[in-house]
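Listed below are the structures to be examined.
Across the two complexes that follow, subunit A remains constant while its partner is subunit B and subsequently subunit C.
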Partner chain A sequence: MNRFLRGLFAVLIAAALYGLPRLFTMDYYLHIFVMSEIYAVLALSLGLIVGFAGQVSMGHAAFYGMGAYVSAILGTRWGWPFWITFWIGGIFSGVVSYGIGRLVLRLRGHVLAITTAFFGVLVMVVMNNWISLTNGPMGITGIPRPTPIEAGSVRLVFESRIHYYYLGLFFVAGVLYVLYRLTNSRLGDAMVAVRENEELAKSLGVNAMKSKVFAFTAGGFIAGLAGSFYAHYILFISPVTFTMNESINMLVMVIFGGMSTLFGPILGAVSLTILPEFLRMAGEMRLVIYGFALILFIVWLPMGVWGTLKNRLFSGKA
Partner chain B sequence: MWTVFFQQTLNGVILGCIYALIALGLSLIFGILEMANFAHGEFYMLGAFMALFSMTLLNVPFLVALVIAMAGMALFSALIEHFIFKPIIGKPMINSMLLSFGLSTALANLALYFFKADPRKITSGLARIRFNFWGLFLTGERLSILVLSVILVLGLSWFIRYTVTGKSMRAVAQDRTAAQLAGINVRRIYAVTFGISGALAAAAGTMVGAMFFVSPEMGFTVVLKSFVIVILGGFGEIRGVILAAILIGLVESLGGGFISYAYKDAYPFILLILLFIFKPEGLTGGNRA
Partner chain C sequence: MLQAKNLSVRFGGLKAVENVSLGVAKGEIMSLIGPNGAGKTTFFNLVSGFLKPTAGTVHFMDSDITGLPPNKIAGMGLVRTFQKTNIFADVTVAESIKIGFHLRRKAGFFDILTAGKVSRQENRDIGKWSEDILSFTGLFSWKNYLVKNIPYGKQRMLAIALALAAEPKLLLLDEPATGLNPVETQELMDIILKIRDEKKMTVFLIEHNMNLVVSISDRLAVLCYGEKLTEGKPAEVSQDPRVIEAYLGRGFSYAAS
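Entry: the complex of A and B
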């Protein structure tokens, strides 16, 4: 019965996600949906590093940005199709994040956070100054859209936001599936063990460094994929998209939903993409309100929305 | 060539003195409250504005404005500690990081809203005094920064080493519970720590405002750099932090002058990575990581 309910639930969610763009047909809404998908992937990838492996990274936007730049440069200079550059962008970010991970993951706590933040600054400086490659602060324009997929009589084109919305659904689902398998594997258990007590995990034969580096690399790889998706959706990228504020934003999404779950980051990403849209009418005071809202949220719900709900619902005590 | 080199070295040392004042406050909060305060840069910015307004609106001389800014920010920081940071002391570090980041965003944008973005200068009246040592230029302003920084740092060291409050601060940094058992009012120590850190930031902000400009976004760039200094110097090590601050000032000034100005924001990261590879225990070799 439980299995049946679960299946029913999944079908209902799939139907709702399929029907969503039919209900909200305005371009503005569709854009917010696609951005929610991109942020969901980013928050999931950061959630793997912060929530499961317990390593606070403040430079996640750097991997997002590198994926976007690599994919955009290959697409505009050599006309490589999205379906190839998508993976190359991810692999590039993954390789860099492996190298950085090997270097910095022996650090802990604040030191790790600051070092990764500075790595973000370094990537930012390169994006702004290596003008012959990245076109500096002007950014890269004219990034090609994904080429149509032709399979027999079916032809899938990617021209309007609704197409990207459906492509994005597959993207999120794929990432979710991989992360689900990963976090339920031995490696996932090793990550959680290291997060909870590194010394104890080591004494039980867990290779702490390896599991931390693995989480960091996988997170960087997925963030690179998201960057590539973003670049070929917006069709224009510039360094201002990949600042440290963006890294912090992703961290807030992870915390907002609730760490160490897979549902939490998605909830956080979607709500924190939609909610700030309401702040637009506040005009200049928008960021002031955002800042104070963040303070109140951390003080009141330190476990995140989903984490707190889960505690209330399943443990019976408040 | 050599004159330029020495001039840049001198500028680097002065820059380092300012960084030292900012980083010392951060280091104190790190050591005693075990949290990273990302809003520290905004304390520095607000301190600079406080000095600026007390000079333009109250017409007080530079040094009085400096004292007003320091006292004002000491009070303000202690209040912030009491009303905002109090509930989350002892919670996981990511909470304090994000909370202080929210505070930083709110304060910086409030300042932007009220003071507007255009950069302003604090006119100390000391810029006209010029010294010339064998071709090296030093304005009265910069000399006073050097002197003031030394006085403040010595004052802080004396305070921490010899006063009862300073001793209590060190006790709390070593072991919070034991300090509490020994009858130290830990809450008061937290407020005092925030106050001192705010006052030092205000002093640095005022000096930077006199040397360069005051603007609402001046805080954020400086706070990351100060964190690097705290890490390089070792947590809670006053001497290490000062050394690291001067090192970063020199690297920025000499690297910006002789290697590449465009990449100067990347140098601290490179230093940090070099440190982790070659000397993971920190510059002065303290074992508190």
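Entry: the complex of A and C
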């Protein structure tokens, strides 16, 4: 693709994303769009850990939840504005995932998956039982919305879903840009090296542990940001949102869309947020159909939807 | 350049490498030979940091590298290949070479995030660097293939190309000719000589193919049951009765002498 076509393509996508909420104006649709954005960020952050660095984490919802709780607690108790607690939530999750990463990333494969899953459970237990801080199973209510941005005569408010939709677009774009830079750098290549063959990576001078911990920390940080965004969008959080089911859900999005690509997790997140809504008309059978569809996809397209398409279209050497 | 002193490693009661002292001089091709199970690969593992010695020291370019982790040792300019075919299987040849440049890429975190000077320059350089190495090793026409799909001989060559991408001062090759046909072996010999003469790297290799060893090595060392039997010029070593005995048994050594 030459420069002009690529530019045109980008403009078309931007226009489509801009126009989408004007076309589907119902609150119900807008909610699905905003949730798709949040899941896109989560799947991207998990994709860095699972897809690029090759370390299976089944406790990603813990970092999502920590970001949400830290941000919500700071916002409700001390009235700190979203624009600050957003970053604090992310940094908190990032610091915790750095510590956990240093501990658990010496493990591999199934053992690592189970250990991270237990960490997820542990965080849930804390959320449920440290009542003086987290209000336990009752959750935290009355989380403030982001304060309006005022710059001269322009005043941006965040009151309805459509505002969150546009804010979310910036969020996804920012995360996508950062991950694009990272995965096209020596840091990203080191992750791929560790995923493909840790022994060989070491012999070429890659510090495997450092590389894995870096992916885990960056993934945790971004998930924390997503948690904060979620908390200040839904305005109510409780432990049931951040269960192991949620972790698995994110993992499925990454695998479904295509690991070790950037577009794959986004595709996975958006389609797996929207697809279950379509299946609502199937009533009780909804989850059964959904489960079967996932199994079939994973059997037939093990590289994920986007991973398979990309190979077919661009390299032809699969 | 590389100096191992009284290097030993024991696995329980098994003395895999026992009191071996060996030196490699700058600019030479040195070979390590010996019967199967003599401890050659174990010796490489000790030198490159994949195993920690129980006794003895390793010095490389005047610094003590005993017990350092492999990535540190690679960073100092000592890079090894593996006896088994060790490759990044699920990426293309070009992508895999890109990974090999890890040590030559220096862009910092913020430089990467902001698409700064260093990282942009780096991403431009990589194209040229990989072209050089791929043509040097004769892999250029395979660059868009997935590594797992290229022929075995090319995969072996790619492992060497990867090590070269790290720009080592001393290259350790562990049985590079294993499984290669005669034509590929000849290509390999030419490339090893070119590595010494054009790239000015020192080469230290383990090999069973005597034809290759004798024709390209400047010096040979022989290991047997974890101990060094002898070292010297290929012609001398191959006449040494102890070496013949180690390979062929006692009866032949009398016949040969």
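Criterion: the second predicted complex is superposed on the first by the 313 of 318 C-alpha atoms of A that agree within 3 Å, B and C clash if a C-alpha of one lies under 4 Å from a C-alpha of the other, contacts with A are read in each partner's own complex, and residues count from 1 in each chain.
Note that contacts are C-beta pairs under 8 Å (C-beta built on N, C-alpha and C of every residue); 3 or more make two chains touch, one makes a residue touch a chain.
Remember, predicted model here, so these are calculated numbers, not experimental data.
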item	value
Touched partner set for A:Leu182, first subunit B, second subunit C, both or neither	second
A:Ala190 touches, of subunit B and subunit C: first, second, both or neither?	second
Which superposed partner A:Gly142 touches (first subunit B, second subunit C, both, neither)	neither
Touched partner set for A:Ser203, first subunit B, second subunit C, both or neither	second
Subunit B versus subunit C as contact partner of A:Gly79, first or second or both or neither	neither
More subunit A residues in contact - subunit B or subunit C	B
Contacts of A:Gly152 with subunit B and subunit C, given as first, second, both or neither	neither
Partner chain in contact with A:Thr115 - subunit B first, subunit C second, else both or neither	first
Touch list for subunit B against partner subunit A, complex	30, 36, 84, 87-88, 91-95, 97-99, 101-110, 112-113, 224, 227-228, 231, 262-263, 265-266, 268-270, 272-273, 276-277, 280, 289
Touching residues on subunit A, where the partner in the complex is subunit B	50, 56, 58, 103-104, 106-111, 113-115, 117-119, 121-122, 124-126, 128-129, 244, 248, 251-252, 255, 284-288, 290-295, 298-299, 302
For the subunit C and subunit A complex, residues of the former touching the latter	48, 50, 69-71, 74-75, 79-82, 86-92, 95, 98-103, 105-107, 109, 112-113, 115, 119, 122-123, 144-146, 149, 162-163, 165-166
Subunit C partner contacts - residues on subunit A that touch it in the complex	178, 181-182, 184-187, 189-190, 192-193, 196-197, 199-208, 315, 317-318
